[in-house]
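The same chain A turns up in both complexes below, where it pairs with chain B and then with chain C.
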Partner chain A sequence: MTAKQGRNIAFSALVLIAAAIWIFPLYWALTTSLRSENRIVSDAGVWIDELNFSAYIEVLSTSKLPIWYLNSVGTSLIITVIVLITGMMCAYALSQLRFPGRRLLYLVVVASFMVPVPALYVAQFVLMSDLGLVNSWWGIILPQLIVPVVVIVYKQFFDAIPKEMREAVLLDGGGEFTLLFKLYLPLNWGITAALAIITFISAWNNFFWPFLVVTSESMMTIPVGITQVNDSFGVFYARMMALALLAAAPVIIGYLIFQKRVTEAVMISAGVKG
Partner chain B sequence: MEDTGVHLRGVTKDFGAVQVIRGVDIDIERGQFAVFVGPSGCGKSTLLRMIAGLEETSGGKIIISDRDVTDFDPADRGVAMVFQSYALYPHLSVFENMAFSLRLAKRPKAEVKDKVVEAAQILQLTDHLDKKPSQLSGGQRQRVAIGRAIVRDPDVFLFDEPLSNLDAELRVAMRLELARLHQKLGATMIYVTHDQVEAMTLADVIFVLQGGYVQQSGAPLDLYDDPSNRFVAGFIGSPSMNFFNATVEDRTDTGIRARLEGQPDVAFDVDLTAPPDPGATVVLGMRPEHLVVTEGEGMRVTVDVAEELGGVSYQHGTLDGGDPVIFQQTGARHNMHGTVQTVTPQTDRIFAFTPEGDRIR
Partner chain C sequence: MSIATRRRREVRDAILLVAPFLIIFGVFFLYPTYKVIALSFTDAPLIGEGNWIGLDNYIKLFSDRLFYTSVWNNFYFVLLTVIPTTIIALLIALAVGKLKGRMQALVLTLFFLPYVLPVSVVTMIWAWMLDFQFGILQPLIEAVTGKPVPVFKNPYWVMPMIAVVTIWWTNGFNVLLFIAGLRNIPDDLYEAAALDGATAWQRFWRVTWPLLWPITALVLTLQLILQLKLFDQVYLLSNGGPFNSSYVVLMQMYREAFQLNNGGYASAIAMVLFGIIVIVSVLQFQLLRIGGRRK
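Right after this comes the complex of A and B.
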C-alpha cells in the first residue's frame, strides 16, 4: 500500500465518520417515529426493532398537516418567484444601467446584507400588524422578500456578460426588457435555478418569523405546525418526529432530484457570504 | 439615386476632460468600402462606435442616407455591426442568432426564414443553422456575425476589427471573403483595423487616424505613393518606411541636394517644387522595397538580422551613423547576416519631410 492510498483510506474513513455523525439525528428521528409513545419514554434505544405507524396515522388524521403543507408550498413559491424577479431586475439595473447614485445604491444593498434578520423582527411585526396582515400569507411573505444575496449574485453574473453582446442587442433593436429577458436571463438559467432553490429552501425552513406572525392554526406553515402536536398532557415524541420527517420530506426529495444544482447554489451563496 | 453614404461633419468625442476625437470630417460614398486604420488608441474604434450610436457624439453631425442620425438610437440608424468578439448569443442557434433582429421587429415568420436562409446561403452556413455558436469554428462564428448583419439589410455595415481573433491563415481567407461579399452586396461598409495590410487589400478608401484626427484619406495606393505626412508614410507600407535626418546642402534645378547626417559622404537629389533653404534640416523617407543593393557609393548598412520569407527577404541593419535601416531583397538567396551592404534608393522614390513631420513636396 502506497502512502497515497493510505491517505485516501484515512480521508474516506474521516468522511464516513462525519457523515455518520450528521445522519444520526435523522436516523434517530426515524426510529423514534416508529415506536409507541410509551416505549420511547422507557427505552431510548437506537435500533429499528418496531414498525409502529400509529404516530404517522395520528399526525395525518388529527393535525392540519395538509393545510400546513399548502401554506408552506404557497408562501415559499410566492417568495421565491417575487424574490427572483425583483432581485434580477434590481441587479440588472445596478449592473447595466447608468444612473446617478448607482454605486451608493449598490453599497446600500451590500450593507443591508450585514443586518441580521432577527434584528428586524420587532419592527416588521409592528408593520405587519399595522397593515392588518398578521395571520395571513402576505404577513408571512412580505418580510421574507428582502434577500440581498440574490441581487449580489445576479449582479456578479450580469457584470460578466461581455459588453458587445449587449451592444449587439441594442443594434438589433432591443430595449432593456429584451436585454434582460432574452439575453441576461437565458444566459443565467443555471444561476437562476440555483438561486430559486436556496430561496425556496430558506423560505420553507423559516421557523421564527412565521411562528411570530401567525397564531391561527390554519395559517401555519409546517415548521410552525410541528410545535402544535404537544398538548397539555406533555410532549409526544413519536408524533413530533413523524411530523418533522413529513415536513422535511419534500425538501429531501427535492434535494435528491436537484442535488447538483443545490450544491452549486450553496457554493455560490457561500462564496458571496464568505 | 438616394445617397446612402456616410458623412461626418466636425465630429468630436470627449471622455470627461479628454478629447479623443477632435473634429473629424469624413465622406464615404454609397457602396464604398472604407477602412479606418491607425495605431491603438487613435480613436478609430470610438469613431466607428459613434457611427453605430453605441457612443454618444459630443459635437458635430453624423449623416447616414441623408438623415442626421446624430441623436438616433443604434437600431434606428440603418447600420449593422460585426464585433471583434463576434458577440453571438450563445444560448441561441445559428438560425435564431441571425433571426433575432427580425423577430424583435415582429416580421412575418416566412420572411424571417427566407432572409435567414438567403444569408446562410451567401455565407455557406446552411448546414450549420441548427448548431449553437459554441459548436462552430472561429471562421464560422465570424460568418454568423456577418449573417446577423446581412439579414437586417442595413444601409451601412460596420466592422470592428472583425478578423483579429482568427489565426493568420483564416484571416487571409476571411479577408478575401469579405472583399467578395462587398462586391456581391454592393453595400457601404466601414471597417476598422490596426492592420495596414487589411486596410490596403480591402479598402476603396482609407482613413488614417492618429491622435483623434484624420491624418489623410484616399485610395490605398494614393496613400502609399503620396503620403501627406511622416506618420502616414510610416504607417502605410510594410515593413515601414526608413527615415533619415539630412541637411539641405544646395538647391538644384528640380529640388534639393540633401546630405545624410548619419553618413555625411552620401547625398541624394530629391525632386521638390517648394524646396527649403540650404542649411535646413529635413527628414528623408525611403521605403524598404525602394532600396537597391549596389556596388561602390551608397549607404553602408551593417545587416544584423535577416528575415527570410522565401520570395522576399527583409534585411534589418544599421547605417554608419546608427540609424536603423530595413531593405527588401527579392530572389536573393545569399545570407547577408553580419555583412556590410551598400544600398541606394531608386530615383524619384525619396520622400522629404520637415522635422515636424509635414511632407515637403
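Right after this comes the complex of A and C.
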C-alpha cells in the first residue's frame, strides 16, 4: 500500500510540474513586469525578486488603457445582455409554442453554425459604414449579437421542463411572457449565468472585428488598443508585460471567481456544436 | 376562451418573442451572408457600388499564386495544430482525471487559464518569451540550432511557432471536453476489465479509447474549423511574413478589402474559405464516422 501511495504522490508531483511549465509564460510575464527595465536586459533570474510597480504606473498614466477598459466593459456588457434576452425569448417560442415557420427558423439557426463569421466581415463592415456606425460602440456591438449557440442551449433546457408546470400558470391566467420570466427563467438561472459569462468573455476577447471597425484610438477595446501601445513602447519589456497583464486581469479574475460556470458553459456549448 | 382565440394568441406571442432575435439575425447575419455572395460577383471597392462581372473574381483567384500560398499555409497550420493539440489535450485530461480533489482543481485551472486570455495578450507574452535578444526561450533554441533564431522573422520557424502559441492558448478548451468525456465512462467497466486481468495499456485501448471516440471526433472537428479561420495570431506575430511564409486566406481577404480596397475580390476569397470549411468538415465528418464504426 505504501508503495502505491508513494507512486501516487510522485505522479501528482509530476503532473503539477507539467502544469507549472504550462503556465510559465504567464508567470514570466508577471516577473518581467515587476522589474526595472535595465535589469531585464542585464540579468534575468527566474524568481520574482523585485516588486517594482513603475511599469504599471507608467502604463496606466501614459496609455489610453482606462478608456479601453470602459469601451470593453461597455460593449461586452451590452452584447451579453442583448444576446441573452433575445436568445432566451426566441428559444422559448421555439421550445414551447407552435407557430408557422418554426421548423424553418430552427433549421436556419442550426445551419448558421456552418458559416465562418470572419467570411462575413467585409459585408458587415460595408453595412456598418452605410449605417454610419464605424468607430462607434454600436459598430462594435451589432455584428457580435449573433450567437446562435445561446438559442440552442436555452431551447434544450426549456424542452426539459415538465408541461404540467406550464399548464398550472396558464390556468391562473398568466400569459407566455409571465411564463418565461416567472417560471422558465428562474428555473434556469444556473445556465443563464454560465451563458452570460462565456458570452461576455468571448465578446471581451474578440480581436478581429473591433480591429476592423474601429480606427480611432479612443474607441478601441482592450485587445485592439494594447497592440497600438506595443508599437510605441518598442523595447520597454516591463511596460509591455504590465500592459498585457492589466489587459488580461479582468478575464483572469472573472475566470477564477466563476470557474465552475465557465467550465460548465464551455462543455454545454461545445456539446451543442457537435 | 375558444380554441381559435387561444391559437391566435399563441401565434401572436410567438411572433413577439421571436421578433427581436429574428430582426438582429436577419439584418446582421442573413443580409451580410447574401451581400458577401453578391459582392463576390462584382468589382466593387470596399465602400461604394461595383459592376457585375460574373465569375471574373473567381477566375482571377484561381490563377493567383498568392492565393495558393495562402491555402497551402492554412493546411500546413492545420497539420501543425489539430492532431498535436488533440493528443496533448487527451494526455493532460487522462493525467488530470487521475488526480483527486483540490490538486485536480488546481492543475485543471493552470492548464485552462490561457484559454480565457485575449489573443493580443497571448501574442505579446510569447513575443517576449521568444524575443531574439532577451527571450528566455532563446537558450533552448540555441541548444538545438547552435544560434539564436528570430523565430517570427524566419520562414521555417514562423508557422511551427505560431502553432505552438496557438496550442498553448486554445488547448484548455479541448482538455475540458476530454475530461467531460472521461467522466461519462462508467467505473464498473474499468473494474470489470481489471478483474479480467487487463493491463493499464489494454484498459486504455479497449475501454477508454473506443468510448471516448465521439469526444475525440468532436475535438478534431471543432479544431479543424477553428484553425482554418486563422488570422489574429498571424497578423499580430508575423503579419503574414517573412516572404509570405505565414500568409493565410483570411490575411489575404483582409489585405484585399481593407488595404487594397477590393471589396468584390475580398468577398470571393471569403466565399472560397466558406466553401473550404464546408467541404473539409463534411469530409472529416464522414471519415470520423467510418473511424468510429470500425471500433
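Here is the rule we use: the second predicted complex is superposed on the first by the 230 of 274 C-alpha atoms of A that agree within 3 Å, B and C clash if a C-alpha of one lies under 4 Å from a C-alpha of the other, contacts with A are read in each partner's own complex, and residues count from 1 in each chain.
In this section, a residue touches a chain if its C-beta (ideal position, glycine included) is under 8 Å from a C-beta of that chain, and two chains touch if they have at least 3 such contacts.
Note that the structure is predicted; figures quoted are calculated from it, not measured.
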| item | value |
| --- | --- |
| Which of chain B and chain C A:98 touches, first, second, both or neither | second |
| Chain B versus chain C as contact partner of A:174, first or second or both or neither | first |
| Which of chain B and chain C A:139 touches, first, second, both or neither | neither |
| First, second, both or neither for A:162, with chain B first and chain C second | first |
| Per-residue contact with chain A, leading partner among chain C and chain B | C |
| Touched partner set for A:210, first chain B, second chain C, both or neither | neither |
| Partner chain(s) touched by A:187 [first = chain B, second = chain C, both, neither] | first |
| For the chain A and chain C complex, residues of the former touching the latter | 11-12, 15-16, 18-20, 22-23, 25-26, 28-29, 32, 40-41, 44, 82, 85-87, 89-90, 92-94, 97-100, 102, 105, 108-109, 112, 114-116, 118-127, 129, 142-143, 145-146, 148, 151, 175-177, 180, 201, 204-205, 207-208, 212, 222-224, 226-227, 230, 237, 240-241, 243-245, 247-248, 251-252, 254-256, 259, 262-263, 266-267, 270, 273-274 |
| Residue ranges of chain B touching chain A (in the complex, touch as defined) | 52-54, 73-75, 79-81, 83-87, 89-91, 100-101, 104-105, 148, 152 |
| Sites on chain A touched by chain B in the complex | 162, 164-165, 167-174, 178, 183, 186-187 |
| Residues of chain C that touch chain A when the two form their complex | 9-11, 13-15, 17-18, 20-22, 24-25, 27-33, 35-36, 39, 46-47, 92, 95-96, 98-99, 103, 106-107, 109-114, 116-121, 124-126, 128-129, 131, 133-134, 136, 168, 173, 176-177, 180, 214, 218, 221-222, 225, 228-229, 231-232, 236, 250, 253-254, 257-258, 263, 266-267, 270-271, 273-274, 277-278, 281 |
